[in-house]
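Pasting the structures here.
One chain, chain A, links the two complexes that follow: it is found with chain B in the first and with chain C in the second.
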Partner chain A sequence: MNFVLNLSFSDLLLLLPEIFLTCWLCVVITVDFVSPRLPKERLAYLSVGGLLVTLGCLAWFDVNQVSGTLFGNMFVLDRMAIFFKIFILGSTVLVILASIEYVDRFTLFRGEYYALVVMSALGMMFMASANDLLSVFVSLEFSTLGFYILVAYLRNDLASNEAGLKFFILGVFAAGLFAYGISLVYGETGKLVFSDMASAQATPGLIIGFLLIFAALGFKIGAVPFHSWIPDTYHGAPTPVTAFLSIAPKGAALAILLRIFIVALGTFKPTWIYLIVAVSIVSMTYGNIVAIAQRNIKRLLAYSGIAQIGNLLIGLAAGTKMGNDAILFYLLAYLFANLGAFAVVIAVSQAIGRDEIEDYRGLGRRSPFLAFSMLLFLLSLAGVPPLAGFIGKLYIFIAAIKEGLYTLITVGLINIVISMYYYLIVVKQMYINEPIDPSPISIRGPMKAVIYVGLAGTLVIGIYPQPFTDWVVAATLMFANFVTPAATITPPTVLIGS
Partner chain B sequence: MLEELTAVFPILSCILFLPVVGAIVLWFVDDEDTVRSSTLTIALVELALSVFVLLRFVPESAAMQFAERVQWIPALGISYHLAVDGISVLFVGLTAFLTVLVVVYSWDTIRHQVKLYMMCLLALETTTMGVFLSLDLILFFVFWELMLIPSYFMIKLWGGGAERHYAALKFVIYTLLGSVFMLVGIALLDINYHQWASLHHSDHAYSFDLLELLTVPIPIGQQILIFWLMFLGFAFKAPVFPFHTWLPDALLEGPIGMAVVLAGLKLGTFGFIRFSIPLLPDASKSDTVVMVVVVLGLCAILYGAWMALVQSDFRRLLAYSSVSHLGFVVVGLFALNYQGLQGSLLTMINLGFSTAGLFFIAGFLYSRQQTTQLAAFGGMARQVPLLATFFLIIGLASIGLPGTNGFVGEFLILLGAFEAKWWVGSIAVLGVIFGAAYFLWYYERSMLGPLGSAVKSTMSDLQLREMIIAVSLSIMILWIGLYPSPFLRIMNGSVQALVDRLHHEKTAALHDGMTERR
Partner chain C sequence: MGEYALLYILFAPFAGALALIFVSNRQPTLVRGIAASVAFVSLVASLYIFYGYDTVQGGFQFVQKFAWSKELGIALYLGVDGIGTPLVLASSILLFAGIFVSWHIKDRAKEFYIWLLILAAATIGVFMSLDLFFLYFFYEMSVIPMYLLLGMWGSHTKKYLEMTDSEGLKRRDSVGFIFNFGSNSKEYAAMKLVLFLSAFAVAALMGILLIYKFSGLNTFDILVLREHANLMNIPVLGTTLDKIIWILVFFGFASIAPIWPLHSWSPVGHAAAPAATSMLHAGVLMKLGHFSIIRVAFEILPETTRELMPIAAVLCMFSIIYGGFVAFYAKDTKYVIGYSSSSHMGYVFLGMAALNYISLSGAVIYMFAHAMATGMLFAMAGWVYDQTHTRDIPSLGGLSNKMPFISGCFIVGCMASIGMPGTVNFVAEIMIVVGSWNKYPLQVIVAMLGIVLTLAYLFKMMRGLFYGPMNQKYSHAHDAVGTVDRLPLLMMITISIGFGIFPMHLYEVVRSGVDPLIARITHVVPVAESDEGSRSVKAAAEITQPPAIPMVSNKPIAQVSEASRGGQE
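Let's look at the complex of A and B:
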């Protein structure tokens, strides 16, 4: 294989958001280096400014339907890539705003924190566009590198160090699996680009290769049985990093999973559907049941995140265009609810200094705003109408029922009931129990803004979801011809009249 | 002028959202007395709107009236579709009526967090109205689920019992468990519509609209599956025996106001007559389904009455008598004939007056003795003659004495049951006898005879607010009992259309009758 790099200036336009963000990253680092006296808060706003410009650029791309491929199909910019880039950048902006206060806890390198967050976001933007196995590998490692450092950022905190080490060892292990998987797949097919693999024959080597790749991506999204790093890492990492980790990499990895399973392996759907169904069922059930026993809110959200990934995989198991739409929609709903919930956790931990569920006693008295927001976020995660999470779950379930996945749906529905139980435990602490220390909790401006954005997203997507459904339907249009028609469903005999 | 105004004025949306908007406004009110009086005003305006709808409602018609329809989520075929017909319009009035009474009752019995309580109550009213008004199944489901949240807080925060945390959680988890199965049933209906529509090149790819779903035939195997899925949802909520175990806990531990709404508004059985039976006529008619459901109904009648007989706590007795009454309603519904359906519908309304009324009485007793245990009562008729009198009137209505509303409903149900299967009717009659036994026995032990040792001699009789509640309930009870025809005329058209749909082979029959009009 020889690479010929033909790049015109107009081709580079497709890379404009990434190029701009790279330059901006350098600007942020330079500003921090040149003027060390500058309040670090300014750096946060500087990063947010750059991210917002990039978001605007992406929105412009989306409206004008800019699309194309670069570097011999390694990099693709289509509407789905744009969707995921907006998703990733949106969550990055919210995470940065939510971490402004928290950064004061770091003893060293406060300025670099923002640069590392932006760097991870940059890596994930490439993930959203990755269209062959090599670019997936490179961008995946690029974004994870930032996270390895971020997770262990609380240098004097034992839990944070432990979390960082665990995350690093398991992450490197997953990267090894991934590289091994790539080598097998390339050895069997001689292809790296997803769309070229569609015609491949199912040889044992290819199957093992894809299983290894799935394991590595399963590690990224935290699906059972690749979840073991999640609870400790979420628990120990600085809370804003946990929030970031719980949203953005999952979205980026799901973009890759969608491309691999639908574009490259679409014809093998009758085979891989069992794998996805199994992983989905185990993730939902394990996540929800273990979440019941948690006493720490970050661990509770970690396990609830594992369960949510199980829900998202239902959409992948459906394997249709509607299933993909549902995944994208669910991610949007999950973004606002989960980031909102973590924002409340950060705000409470700023005031109290602890993250135990017990510490939420009487939050309804101490800060009605925080408690009410947390209530809405948890109910949205549980899927209570008319919040965003309900429409998301409904969308996913309808897509799956259409494909006749009744077992999966039944398990999913029972899991909703289980999840309601532990979300209600938190609600009970907030509203029913009397606070030990009744002093009110104050929240600062940026944090308030994050929570307001989360509330607005949760409510608007729930009550008026039409623009968002239109958006996700348009974003996955290119899958319409890849998805194999469901061969198992025959139209039922229709009785008309007598 | 009035005609034109009602044609464009979205009165059902006003009824639906007035309470919740009121609840939001209450958030900004600080003074407790202002909170109380503004809640009462909102509830009265709501009642006035509902009465207006009832007055303008065209009786003897199966048409959907006052319809409002807007697309909500076109990608999934979900619409915002409200309308009333003979089946639902009476429930709208009943909900508004009971809410006013609960506000009056809670005036001085709720002493802490008054504002939050009133907000929960109004939110509960909106969700209940939503259940009765929605014609879109997802919209219906939204309100059905949302109802859990104010209910959870009401049981937990203002419940009197020590076990209220357990009761609230049990209530939420049980109802949620049922409703997730119902959601699958709803989705299957939607998929069926989608497949049918794509075969016939219809432009609506998906739909959750009751009226549109009614036009589509469903294969019988599919119907039976959907029926059982939806049955679980409705049965847990109703609750139909053996899914009733949350009810005694919730009614005993929760506040009286919550118990009135839970026991007075028969949402679960409303679900059967609104959705299950018209949408799935072949499944509802099939022998296995009728047999299983009717036997569950009979078990409920006997088990509920039997359990009620041995309860010493009045609220627990009422909970089991509710189970027993719901058995009657279910038996009447699945007699699947005109009298049975009409009687069940009327009984659902009646229970809103009698069972809810007895819960108010329980509340009056509770506020005097701080308990509803039998040991605290005895011979109270001498101390509180008015209370004892209204207790008797409402209680006799609940056991179906001729001249009260309970008689009309139960009589129609028994008539329908005998017509369908004689043995069902004869077992159901036993329930009436047991019903008289448990109520009269309890009444005798608590109100008549020598004065109980725990009864204070200074006990006061009914006060003004309590009189308002008792008198207005008694008026309704006697009105329906002595002159039921206005109520029956309202429901006749829709019940007739339902019977036609059940017994004509053409599944589109109901659709012809159920076209919309404004």
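Let's look at the complex of A and C:
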């Protein structure tokens, strides 16, 4: 193991988005510190501006197919990493825009809120590029650190404090498992970089090590049986943070799962497929059945998120390139639908002050726009054509049926029907029940923009998915090339431009 | 313009729905105008394809193909054959009629028309899809609008109010209430409909995915897949894979048809739905089931169809008798018509099960005929409900004094539903009966009994609604006098009787679609002496037709039946 730290300028270019965002993070904090009277809304737009510049940079990387590795393979920039970075930053932008009004509820540290969100996003960007167990660990903890604070941001709210505590204790526990897993894997193989492990022998220590790592990542994505923190944390956390938590860390952790299971453990697929299939079936079924009983919209979305993770794991169980494509595609569909749904939840809770499902009574009369958006987002989550979620689910099912995972697909299909029930209960409240208080609900510009973006994404991906499938296919193509032994033994030269 | 006709039919309602989003509810005339005009575009284009369809050439016409997803092998592939054409026409007629039937909707009219247009466009999409993915896509897409249409503009049945507390808050929202199978709320009906149809739709999707995998072609194209059906004949789980796929597809789609043990969502849904939705639901949505079975099971798995179609022949008897008896004892106008619809769908299954040129053509014509007849009946039941706010037959009566036009039309509707000579239903029924007599005599006797039952319950309902002493509570009820109110009824009556007297074109169109299909399934050409391959199919179709009502003459039919039986053995 040799760490070559002779960074050239062109190497640093690979880190440009992260470096820029780190500087921008400092700028945001400094601006907040220097001019405390500045309206906090400005800080939000300042952060969004920095994020958009970073997004532009990443888009440039994607178009010009910039790729390469740094720090002795610890940090990798391939098109899959770029995809996930764009995914994470996109969700961050939407979350910040959606939280502008909500931030007024915080009693203290309103400015730091944006800095913390950006900081978590930065950590997740490193997660997307982590190609080594140590860098995974460091970046995972870096991003979670921000979330520990964000979840408990409503200082005077007991639920928020409880959520923070629960998240923190279980999160630290997961970190411990992860560290222990790393130590076992390193002890057995002497390797930390994923692509070097492909030739490892399946010793008991290695298996236990990877099981521990899977448990820690399962905690991050909220798969059953590592989901116990999800409902309470989602319920108690400030709603924009919940929205953020429900999207970005899942994407980042899935990037790591893909790298571990496809790259490091690709040869053990006949073994781990049972693990993934079992977790997937249990997550889907448990999430959907428990969601039926929920009275709080945030808890409902929490359980639906658990079920969606079960769906995503079907793609991982397929273990093929198409399965990876399907996961990426599904994440895109999930991003727009889930963030959109949370944006509506935030907008409604700003007006009503509560998040119970029965508060959505007659939303179709009080705000036709919000109700219609929520309808489309929920139906997309349920997987109804012509919305993005349907194509995503179908993509995953097709990838899985090509691998002959009939049981998994049957369970997945049955779960679509179960999930239809609880999503339609919300639809029933919004459209069929009459409002108690018929006063209209107004929404402000940034929130409207977020919902419009969600609607556009949900509809466009559903009706014309070709550009998006092209994108995800290209994203995992580079990734697939990168994992071939030839490419990893001699680290590829850094390519700038095409 | 001609070759794009299918795109106009399919996308005009979608475009209308999109345009309506930007119109305010404060301009009801504009809302209705947009809805009616896009429906009119669809109707004109449907008439164009119906009369422009080349029956000599046959096959899929007006074909449009756009690549949609390369990775998944999906193309937006549209085209109609002789089976799809009349159903597309029926859908656009009922959409156009339905918009006028719901002309007086006050509450959220814009949203109502949006969902109605999406519902109709989705059903039309199924009838013209030549790609399995899009068939399922449109099929599933038609379910959700039903939920909202039933839930937002539907009505509860009589016992509903007794079951809730005064504000209807608590129990209506509980899980138990939705799953309370005795309840009569519209929420229950809507939820049951969606869950039932989705549950069976995913079974069909599983079948479609299995076809996709085992064909190994990475395509959903029906025309390609049907050439490779033999690939699926592999043993699995003690039977063969094609049988499993067939069962999944058949029962998946038959649930919407609805075949007997899977019918319970349908009358409940009919009863809760507003008039125009009931019309589309009974008129075309139920035909999605038969059509999808023909398109997927018949086209792609012909051999399996021949082996397993007797299942439908058995179940259709229960459909006919059970539906008929429940309709006879039902006291709610919409339940009567709803159960009558599910009973009549048994005839279509009988016609499909016999796998005979005459009977399958009869089944397709029956779908068209039933759409008109049941559309009329639901429109009039809706009118009566709007005027009296009750659907309880015993409490009504003598309404013909107040609404002579409606009561007159109702007689025509009943006649059409029974299958009186002169309506297109007669043509269809006689074809089904004659075509399946040789193979399924018992079922034909049951079907005859079903016709008697239809007569009984429809006349009973007619007497209960329009004749006898009038309840003075309903003296304010008035007739359909405006053009807008009379137009849909007159249109459907005209079409029903028009095709009843001049069925030739409809028959030829249907026959050109049925002939190649049955030839593939049974391996016999329509007439025994023909020996020139596919061209003779057309010739035979012409021979079998005496001028006025085609299927009364017995001789050619006997030949056909003999021939098809020969093919079976």
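The criterion applied here is as follows: the second predicted complex is superposed on the first by the 473 of 498 C-alpha atoms of A that agree within 3 Å, B and C clash if a C-alpha of one lies under 4 Å from a C-alpha of the other, contacts with A are read in each partner's own complex, and residues count from 1 in each chain.
One rule holds for everything that comes next: contacts are C-beta pairs under 8 Å (C-beta built on N, C-alpha and C of every residue); 3 or more make two chains touch, one makes a residue touch a chain.
Keep in mind that this is a model prediction, so the values were computed, not measured.
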Open item on the list: I'd like to know which partner A:402 touches here: chain B for first, chain C for second, both or neither.
Closed with: both
- [ ] Give one of first, second, both or neither to describe whether A:62 is in contact with chain B, with chain C, with both, or with none.
- [x] neither
Open item on the list: Taking the superposition on A as described, I'd like to know which of chain B and chain C A:132 touches: first, second, both or neither.
Closed with: neither
TODO: Please work out whether A:414 is in contact with chain B alone, chain C alone, both, or neither, and reply first, second, both or neither.
DONE: both
TODO: Give one of first, second, both or neither to describe whether A:78 is in contact with chain B, with chain C, with both, or with none.
DONE: neither
Open item on the list: Output check: A:466 vs chain B and chain C. Expected answer is one of first, second, both, neither. What do you get?
Closed with: both
Open item on the list: Quick check on the output: what are the common chain A residues between the chain B footprint and the chain C footprint?
Closed with: 325, 379, 384-386, 390, 394-395, 397-398, 401-402, 409-410, 413-414, 416-417, 420-421, 424, 428, 431-432, 465-466, 469, 473
Task: Interfacial residue positions of chain B with respect to chain A in the complex - done: 71-76, 138, 141-142, 145-146, 148-149, 152-153, 156-157, 165, 169, 172-173, 176-177, 180-181, 183-184, 187-188, 190-192, 194-196, 199, 206, 217, 219, 222, 505-508
Task: Interface residues, chain C side, partner chain A - complex - done: 67-72, 108, 111, 133, 136-138, 140-141, 143-144, 147-148, 151-152, 172-173, 175, 178, 186-187, 190-191, 194-195, 198-199, 202-203, 205-206, 209-210, 212-213
Open item on the list: Considering only the defined contacts, which chain A positions touch chain C in the complex?
Closed with: 292-293, 322, 325, 358, 364, 368, 379, 384-386, 390, 394-395, 397-398, 401-402, 404, 409-410, 413-414, 416-417, 420-421, 424-425, 427-429, 431-433, 464-466, 469, 473
TODO: Enumerate the contact residues on chain A facing chain B in the complex.
DONE: 325, 379, 384-386, 390-391, 394-395, 397-398, 401-402, 409-410, 413-414, 416-417, 420-421, 424, 428, 431-432, 465-466, 469-470, 473, 491-498
